[in-house]
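What follows is a pair of complexes built around subunit A, which joins subunit B in one and subunit C in the other.
Let's turn to the complex of A and B:
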């Protein structure tokens, strides 16, 4: 009786290897580096991961749907540039700190609209989301360069950059924001009709259609959600830096997809959850933070992360093979 | 006549479908499929011709020989890569690592040039790049992992390798005018810039391989239906492995052209090239699902991208406007291709 909780905990870990992995690297870095195990550092990790994490929440929905969004990195740059630029517009000169509000709203609207555009194209044309968002990745980045004239913007209002480094109680605001969003999206995915439809559409699209789900608008909504979160990530990132550069968010789609896949979401759709994605984001965050503290050169971090992504894919394949009568090709 | 019909008749047929009568609908659909089939086969040329005519009208420099030569020379680097990517995609996989692989190979060939001489540098670079391609091939072909994730991981890993190799420093060749290495990027063969000759040669060789050899047929078969291919006695693992080796070889050739053209290299020189190459492949009508596509249509895709870029610049647009146009062109091209195949403009998704 007494070993039952332990046993079920072990089983849970076996089913969700990402948390065993987190435990492993957590213990490793705690022993290997004296600065890792500190409350301040844990807060740092949460803030550092919040950017990738916010996008990963939306990406999880899109990927369970069986789609993908490669344009998130460019949307981050666009939202950041819009947000930092608009708050300095002359028409908002008399607004004081309130000038930040229309800037943030415009950035969020831009991200959501671009998501809607991606979703609409996927829905109406039937072109694969990989191609649609690959085009958008290039096009939106072009839009950023045209809009910014290849310049960086700096926030002259310090209230904006103060927000990025502020705290709510003992926790950094951005960490709180990330955790709140995680809870909301988790609720959306596991406790609402829309959430159940996400799995249904990803698992078997024909069956979902027969069950009366309007697949097109459903996917559109998910693309809007990931666009919204990419824009939100752009805003929080620019608020941390107090600036926006047109190259912001380059390779973010890589990090985000890595986190989501690490978290157990299947590329073919139909499987995955937010807790797994949270784990994936955390794993990447701890790895980057730990390797930084141990002064591993950034070059090696790139190699190690690429290797981990492939290793996880390999392990996942090995673990999931048994039980399934897979055709040996 | 067919062309004027195409766009006009696609839209009404699609909207008519729910309310139109059965017989009429079927007839409209057969005609549509004929026209659609024609468009699917030749649409890329129509688009290409329209672009060329449009730019030629608005810019008198566009169709000059010097301009065309310079566009082709610039397009050759992405072009050779796109040829290799086409083979991988026809085999049913993706290769997103070619961009960072290009950075790696270019840095390596330029760095080794002054240390061990041009000939040896080219040899070592070719071997090293083939090694990277072999890693891709083993992971996707033999371990059967998802090619999107594997090559995404390799994109990051090779970026890191490049920086480790160079220590983050840019490299360049000391005596740029005396080395014979300059022939690949700066030289001419019979008044034609060498990069164009290399691109044309690579295209012809790969076209012959894909269209006329048993190996080419095996690649199509594997990309079209893996299970059927395996049951037909095709060794799928080896075929996929070989496609990645071909892709890596193409990258090495591009790297030699690029290194010789610039006589130096930054560590991130190939960043984003994987997208441009893939865009050219998609424009050429190669299906990302595998099993369909041709080498020479990729060449057209490369030319379209190259001439759009050049034409927009000549018309006085900002450099990055071409990315916006590329966005629209990619989606339109794939959309029309799909629409022609299914005989309806709009997707049947509810």
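Let's turn to the complex of A and C:
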């Protein structure tokens, strides 16, 4: 009996290899670099992770649904530009710090609306979400350049950038925000009707339709959620810098998808969870931070991350094989 | 000649006739057409009655079921549900709201989410009603699963088992349980015993008879003649998208049924 908890823990790790992987790289960097194992650095990792992490929460829903959203990076840039620009508009001149509120709301609304547009096109045309959001990725990035006239914006109100570097108790505000959102989305996915339907639609769309689920509106909601989180990530990112550039968020869609897939979500849909995604973004965050501290050149970091993604997925496939007798196709 | 084609003798192990106990008309379809798929289909089903649809694959039977369940738009005709007359049923959600349930032809492709556990599959159409506050109520779901596991004698180690790991017969019972749990007025079963073992087949046939006895209006679509003959009170024979003839259980013979569904009967039916 004594080996039972151990055995179930091992089984859990075999099903979720990402956590063993995190443990491994954590120990490695702790030994390899004297600056890694420090409370301040852990806070840094959480803050750095929060941007990709917030988007990954929404992306997990969309990907379990069997869809994908490639436009999130461009939405990050649009939301950041809107948020930093609007708070300096003349009509809000007398509002003081309250000018930040309409700016944040406008940015969130823009992200949610673009998500709704993606979802609406996927629903009404039936075109694959990969193609629709690929178009949106190009189009929205273009919009950002039109809107900003290729200029960067700087927030003149320091309250905005103070928020990005503030703390709640011992933890950075942005890390707290990310963890709260993670908990909310986790319960949304695992304990609500909408969450159940996400798995059903991704697992077997025909069966979901047969069970009376209105698949189109359902997918629309998930695209709105990922759009909202991309905009939120844009706002937090610009508040860290007190500025927004039109190139912000480039390649973020790739980082996000890598994290989500590392966390065990299947590209075909129907499987995945938020705890896995949290592990996935954490793994990417630790790797980037650790290699950064060890002064690995940025381009090598990309090479290593790419190799690790493939290796982890290969390992996952091996661990979850149904034995050697499984049919090989 | 036709007996030679079938290659076996008529074996009617017919259940005792439950005539006289029929309720009111649950569903009446008139002049229903859908492009080239089927034309001018009319029939009615009463509560407590099993209506069989027999024909060759491609005769338009599944398409009629899909139309009644809101998956296809008819091009002509009316559907009368109780007192309500409709030109079409907009979506499966609408059909479910009107008390229609469809156990689809292919349980793996249309009926089940194979990676999902037994309980979640069974409660999928009604999970929206099983909430406490914002969250799904585990207890209510397990109660429904336990009830239909016992009624249908579904063999599974626990509700946590992924449906993909069950046998074909048990999978089909999950689909049937899913729709019985919705307490429909009209239950449509499309090829209910395709690809399942002999024991489960007999169980499902008995279940269909029992459901009719409880007052459900049941439509059974099947390509297996013994099945149609065994469970149906009346049989609609279809050929090339048209209803050739409607038999009552007393007058039907294998010969006349085969003649009807292969179009030999065409002259007489018209």
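As a working rule, the second predicted complex is superposed on the first by the 317 of 329 C-alpha atoms of A that agree within 3 Å, B and C clash if a C-alpha of one lies under 4 Å from a C-alpha of the other, contacts with A are read in each partner's own complex, and residues count from 1 in each chain.
One rule holds for everything that comes next: contacts are C-beta pairs under 8 Å (C-beta built on N, C-alpha and C of every residue); 3 or more make two chains touch, one makes a residue touch a chain.
Model, not experiment: these values are computed from the prediction.
Of the two partner chains, neither subunit B nor subunit C is touched by A:30. Ranked by how many residues of subunit A each touches, subunit B and subunit C are led by B. Legend: residue contacts after superposition of the two complexes on their common chain; A:271 is shown touching subunit C, with no touch to subunit B. Look at A:151: by the touch rule set out above, it reaches neither subunit B nor subunit C.
Within the superposed three-chain model, A:8 lies out of touch with both subunit B and subunit C [touch as defined at top]. By the touch criterion defined above, A:193 reaches subunit C but does not reach subunit B.
In the superposition on chain A, contact of A:214 is made with both subunit B and subunit C. When the shared chain is aligned, subunit B comes close enough to touch A:301, but subunit C does not. Comparing the two interfaces of subunit A, the one with subunit B and the one with subunit C have residues 209, 213-214 in common.
Across the complex, subunit B meets subunit A through its residues 139, 143-146, 148-150, 152-161, 163-164, 168, 226-227, 230, 236, 271, 275, 278-279, 282, 288, 318-324, 326-328, 330-331, 334-335, 338-339, 342, 346-350.
Here subunit A touches subunit C in the complex through residues 187, 191-193, 196-197, 199-200, 203-204, 206-214, 270-271, going by the rule given at the top. By the touch criterion stated above, subunit C contacts subunit A in their complex at residues 69, 71, 91-93, 95-96, 102, 104, 109-116, 120, 124-125, 127-128, 131, 134-136, 178. Note for the complex: subunit A touches subunit B at residues 121, 123-128, 130-132, 134-143, 145-146, 150, 209, 213-216, 219, 250-251, 254, 257-258, 261, 267, 297-307, 309-310, 313-314, 317, 327, 329.
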